[in-house]
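Below, chain A partners chain B and then partners chain C, in two separate complexes.
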Partner chain A sequence: MEEIRMLLVDDEDDFRTTLANRLKLRKIDIMDAGSGNEAIELIRQKPFDVAVIDVKMPGIDGIETLKQIKQIKPAIEIIMLTGHASIESGMEAMKLGAYDYVMKPCDIDELLVKTGEAYQHKLLKEKEK
Partner chain B sequence: MTNEKELHGYYAGLRSKFMVIIFFIAFIPLMLLGGTTYYYYSTTVKEKIRNELKLITKNRKDTIDLFLNDRANCLSVLAYTHSFDFLKKKENLLNSFQLSKRVCSAFQDMGIINSDGEQVAYIGPYHLTGKQYSTADWFKAVMKKDVYISDVFLGFRKVPHFIIAVKRMENGKPWILRVTIDINRINHFMSTALLGKGGSDAYILSLEGIYQISGADTDRILTKSDFKMPSVFRGIKEKEKHYGGKTLLCAKAWLKNNDWLMVIEQDLQYELGPVVHVKNTVLLIFIISSFIIVISTIFITRRVFAKLEKMGLEKLQLREQLVRSDRLAAIGKLASGIAHEINNPMAVISEKAGWIGDLLTEEDVKNSPNYDELIKSTQDIKKHVQRGKKVISRLMGFARKEDIAHKNVDINSVLDETHDFMNKKAMFQNIALMKEFQPDLPSIVTDGAQLQQVFINIVNNAIDAINKDGVIRLITKAKDGGVLVSIVDTGPGMPKETQTKIFDPFFTTKPVGKGTGLGLSTSYGIVEKLGGQLTVESEVDKGTTFHIALPPTCIKESEV
Partner chain C sequence: MFGLKRFFKKLLKDDTKKVEQKVTVEALRNTFTNRYLNFKTLLSTNNKVLELITDMEETFSGSRTFGMSFIRANCTAISVNMYKIISCLNEIADNKYKELPLILEGILPKIDRELQQKKLETGSELVLPLESIDKTMADHVGAKMANLGEVKNAVGLSVPEGFVITSAAHERFMKYGNLQDEINRRIQFLEPADIARLHETSFYIQNLIAAAPCPPELEDAILNAYNDLMEKAGHGFHVSMRSSALGEDTRDASFAGQYRSVLNVSRENLILSYKEILASKYSVPAVSYRLNKGFRDEDIIMCVGCMTMVDAKAGGVMYSADPGNIRHECIIINAVWGLGKSVVDGSMAQDLFVLSKKNPKIILKKEISAKKQQLVSGALEGTRLANITEEQASKSAITYEQAVLLGELALCLEKHFGAPQDIEWAFEPDGSVLILQSRPLMVSDKKPTGINDISESKVDLPVILTGGVTASPGAASGPAFVVETTVDMLQFPPGAVLVARNPLPKWAALLNSAVAVITDKGGVTGHMAAVAREFKVPALLGTSTATEHIRNGDLVTVDATGCAVYAGKAESFLEKEAEKTSLMKGSPVHNTLGNVLKYIAPLNLADPDASDFTPEGCRTIHDIIRFAHEMSLHELFGFKKDASSLEHLARRLVINVPMQWWVVDLGGGCREGMQGDTIGLEDITSVPMLILWEGITAVPWKGPPPIDTKGFFSVMYGATMDRNLVPGIRSRYADRNYLVISENFCHLSSRFGFHFSTVEAFFGEKVAENYICFNFNGGAADDVRRARRTELIKLILEKFDFWVQIKGDTLFARLERQEVPFLKERLKVLGHLVMHTRQLDMVLSNSERVNKYVEKILKEVSSFVDVSQ
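After this line comes the complex of A and B, so read on.
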């Protein structure tokens, strides 16, 4: 299986870099972005399979970033990271086209499972086309 | 006013003050009205009686004076128109007597007395011819005075009477014409003077206080009266006096050239009979009015104050509820803010611990003697981050706005589930979980699953409170179209201070680590969201009851 190409977007540097390192260790082709704008730039430049986006960020927030990414590259599956332990921001994101959401602080295994699912989902959609 | 007892005391005090004020306001004019009416009426009546008595007394005085003068004049005319020699003949005297009797009634007999005091001729019912009067008081008096009217005396005949005597000088020698007056005539004048019957008296006293006319008590004639003789005055005098427990109105007048004192007495009490009647009527009206005032005042103030107190209580409860809702909302806001701020560092901690764990799996570190310890530490960090996450997730649940399901729910069956779910735990601690359901309970539109969470929460708390041996009763009742669920436990109960805090988030009486202090606040939030009310009733050493009042339908949708 080829490596999943993932974009991790979170404004919290420590969290983002550590999670990125751990995911790299688990054979994920990862890139990270510290803000919504940065993420959108990367999306335009490079191909990704899955994007993991924090809901709450300064500047363009997670929901807005999700909307823009879906406009630029609708094929990318998106998993939201909700700092809120509430369901509704996750639910809202899913209404807007996110594949799933994971609550922070997240279990890396849970995130990996959901990433795998999202990737499979993407492949399935591509096949249908 | 912070609690019901104080509120009740406050209203009870206010009610008493209010009642006293109303009593005063109502009684003062009533008493004034009754008092003045009675006073003016009684003085008017008394005045009238007095005037009447005065008038009667004056009338009698004039009548008696006139009567006596008339008789004396009549006798004088007779004496001066006839000579001694003519009158001492019996047939002439009889003629004159009969003639004069026609003009002047009340003559009983007539006699001619010579200068030596011997009655030389006599016409009358007694045999008094030849009687010697030279020692009689009246004889001495008439010899000095020409015309003399005597006091009442017995004389030879031993019957009370009085005489009128006229002295005439003829040829240098005096002789006397004398008549006896029937005192019944005077008695008659006097008896008609009486206004009423009861207690009134009318009599005549001589200068020495001897009864001349006896009045009501005929036996006292010619006895000495204990009446205090006044000095001579003109006209009529009238005053009130108290005698033998009675109040008498007493009028006096001097008669017969100030020889006799006429006294007319009226029993004022008797005469004031109508006034007493008025007094009784006024008193009766007063008592009835007072009764009505008292009853209506008590009735009205009770009703008004019961309403006021109810309103006050409702206001107090509303305020408590508002304060609680406000507090919960504020704490909720705070909680979600804190939760979010803590979540991010916790995520970092979790990731860093995970990263350490990842790095530890690499070869060179694996051989370190502390490898196992390090792995365990990262796992512990993860475990405790998870614990923190759980607390935050519950805290967020408390502040969360979850959608409410609207379904027809049979509360009895929800509680049946609660019972089945909790019974094992309860039995394990020797606690009887009893169902006391109203069988025909109406089903209500609400969210059964969220209610289930509330019921389990409360039952769980009850079991923890009882600890061992006890009873928990699940009671349902239809109320106001909705349902009232009461969960009654026989636990240790709690003081008032604790009761006000139990719905606050993070308030717990359980040991550290056992309770989050979020159960009841979440339950409170849920019940409120469903349009119901969660209230607590508790007494130390007796137990605690939670009431969950649910409306027939929870109209509140996503507005909360």
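After this line comes the complex of A and C, so read on.
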């Protein structure tokens, strides 16, 4: 069975690797990046369906990463993760084309459902062309 | 993951096998599938937002305690989902509604401003003297200190002098050390089961906080407040420092003993102790409790109360009620020599006094234990154990008069706060009493109190039933009122005993007016039970036979604690229900919720035919949802110029039912290789569609069947009738039934006049994925008739276990995560309703007729639906 190709971007190593491992167990083909720059590099090199990006990161932050990824590969669907519910940052993310904006702590099953939806959305867009 | 990829691929695949079909048809099918899936997402997002709004409205008018984080989280979720709705609509409609995002962006900043204003309102003071604190300031000083301020300033009882290091101080501290991001990263996705990592993380974070520098202005503020305190108090140079967390009171949760309190702290150690208490937010039990109970880490903010250290001769804790058995009308006091802390942690032998609640002068029980040691303030710092003289050891730590005085204080506090209280107190050497803490007593914590042998009274009334489980202890008496439907809810008389078959969460809304709850089914861990405890309403669940034995209006006495129901009123042991008062109303947080709701909840766009039914006419979030919903239907099923894909994809169902039904197969819903414009029922392989069809056709519809044969875009059945109903308003839509199907899936869209309904069902391989749902949009016709019809549908669906919600002119009902056989029977009910409620507007001239039709429909349904499933 094909797996959804996901890029997980978070600067916190523990959180990122734990989540990545758990997603791997649930049949997500996952790669992870510890910074926005690293993520953008990976995006240039490899194909992904969905990227999950933490909003708050040192260096180039999640919103900037979202913006750049959308420029490089607009087809990738992006789910933003945030520890702080904020209308303003939610608006910004959605305006920049994020598929969803999810508040932490986010249940892994919920994240999987959103990932599935985002993936479906990507397929739809591809189909349209 | 759930074969999701495969599922979607399948849903979207090119049917290469059907080479005989024209490529254009396939392209159309793809376009339609795309638009249809966007429509589905729009509908479910629409419902999600309506639920969020309802949640906010119910919270606003209810008595549940909530904080800013609740409002912020809901508003953010609404904002994000609104973007999704608009983007779905634009994908369906080829970007026709470009101005909608701008309309949304005109509203959202207004909501955001309300939230930000509030944040400043919480106050910027880093410390606050106890004199200036009352119960409304929980966001600033934490619930514990807000209550203590209330005790001092509103109730007028003696409490130690002191001040609070506020939530603003905590925020300042965390910001100064740039700690929160690091902590968030460590704490998120921790699992309570992973004990090792839990300990490691807890240790790491606590060290991080303890080692972090205190902002100089905060340090100054704390030390200055301390100096002021010493000047004012004039005695004692040490303080006790107690955690007073914010956000811990948001649910039925005690958080008891999770955070640190430090006694007898000198000036030198103030800052260190302050940091220790802040760090205790991340103690292992605190972190795992939050994880287990679903509390958000960032919602807990630690305020710290600093009060002059009391030189307690005797101290302890009292409950203004027996948490284990509320039937015992008593006040429970535990007392020790010295500091009362040893009562709290149960570390030493203690005296027990049980006083009558009716008359605290009456001592029901007294146990004096042999006390060997007492906890006292250390000479320099902290506390120490001191030996007790032999003479003192066998003596009661408090006198009879003192016990009575405490009892009276307990009653006074319970009355003021409107709920039983858990109170910490101390007697000073001069005999004066101080209240150190008063907080709501968690009667759900049924610790054995060891006083079960008190029996103030006996009941000699006829027993109606015994058994069941005590979901919320207590006893109450009142007329029974059996609740089966939402209409029953509306008629529920205040002061009645709620009797129901199932403890559905929605009945919880009645707990403000019900004196007790009895159900046939259900258990202690259910939502209703939790809310009953939170509301302190006695609840006896799972009695099996309550609805069988109890009739409306019967006067009953419910002894939830003793698991029995008696006929009549047993005056002798009825709990004096503490008056329920909402402490939230009027608080800044409550007002903020009210303010943001003004931009969210009102519905101004009801009539799709009105001239202001435009993007510009949308003034609230609800307006935008309404508009987007209506337009998505219009775009998908109301084709105007691009009468393309549906015409080619849909096949007319050839069937002996007086209406036109069109079927669109997304794949696997019909026999392979079908061609032509029509399809027979025997060609359908979609399981949910066949079941739905069974419901639609089980009882022949006897109304006037104006079969329309003019073609696809002509007005089908019913519009004429509705126009007659609503003279002067013309239907803007043709009436159509579309069935969008696949093997496991069926979606029916029907429009009759102004009413639009969808039925959707998915029967998958996994129970967790199964659902059926029903949306009914009443349109803009006649408010009263519309309400009656919606009410009628709700009444019926609730009888079949549906979760039903009405928001504005939309009814939505759902059943999910159930076995397929269970869902099948209920899907038939939906089929019947779609078919047989259409003509009812005409006849629902008064509410009595509603009941008549409910009975009629239930009778019809019972002929083909097996409810035992």
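Just so it is clear, the second predicted complex is superposed on the first by the 127 of 129 C-alpha atoms of A that agree within 3 Å, B and C clash if a C-alpha of one lies under 4 Å from a C-alpha of the other, contacts with A are read in each partner's own complex, and residues count from 1 in each chain.
In this text, a residue touches a chain if its C-beta (ideal position, glycine included) is under 8 Å from a C-beta of that chain, and two chains touch if they have at least 3 such contacts.
Values in this document were obtained by computation on a predicted structure and should not be read as measured data.
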Touching A:E12 in the superposition: chain B (first), chain C (second), both, neither?
both
By the touch definition at the top of the document, which applies to A:L25: first (chain B), second (chain C), both, or neither?
first
Quick one: is A:I4 in contact with chain B, with chain C, with both, or with neither? Answer first, second, both or neither.
second
What is the contact status of A:L123 with respect to chain B (first) and chain C (second): first, second, both, or neither?
second
By residue count, which of the two partners contacts chain A more extensively, chain B or chain C?
C
Just checking: does A:K104 make contact with chain B only, chain C only, both, or neither of them? Give me first, second, both or neither.
both
Please indicate which partner A:G90 is in contact with in the superposed arrangement: first for chain B, second for chain C, both, or neither.
second
Which partner chains sit in contact with A:I72 here, chain B, chain C, both or neither? Use first/second/both/neither.
neither
Shared contact residues on chain A - chain B and chain C
12, 14-15, 18-19, 22, 56, 83-88, 103-105, 108
Which bits of chain B are touching chain A when the two form their complex?
336, 339-340, 343-344, 346-352, 354-355, 358, 385, 389, 392-393, 396-397, 400-401
Complex contact set, residues of chain A against chain B
12, 14-15, 18-19, 21-22, 25, 56, 83-88, 103-106, 108
Can you name the residues of chain A that touch chain C in the complex?
1-4, 10-12, 14-15, 18-19, 22, 26-28, 56, 83-88, 90-91, 93-95, 100-101, 103-105, 108, 112, 115-117, 119-121, 123-124, 127-128
Can you list the chain C residues touching chain A in their complex?
1-6, 8-9, 12, 30-31, 33-34, 37-38, 41, 69, 72-73, 75-77, 79-80, 83-84, 101, 105, 108-109, 111-112, 115, 181, 184-189, 296-298
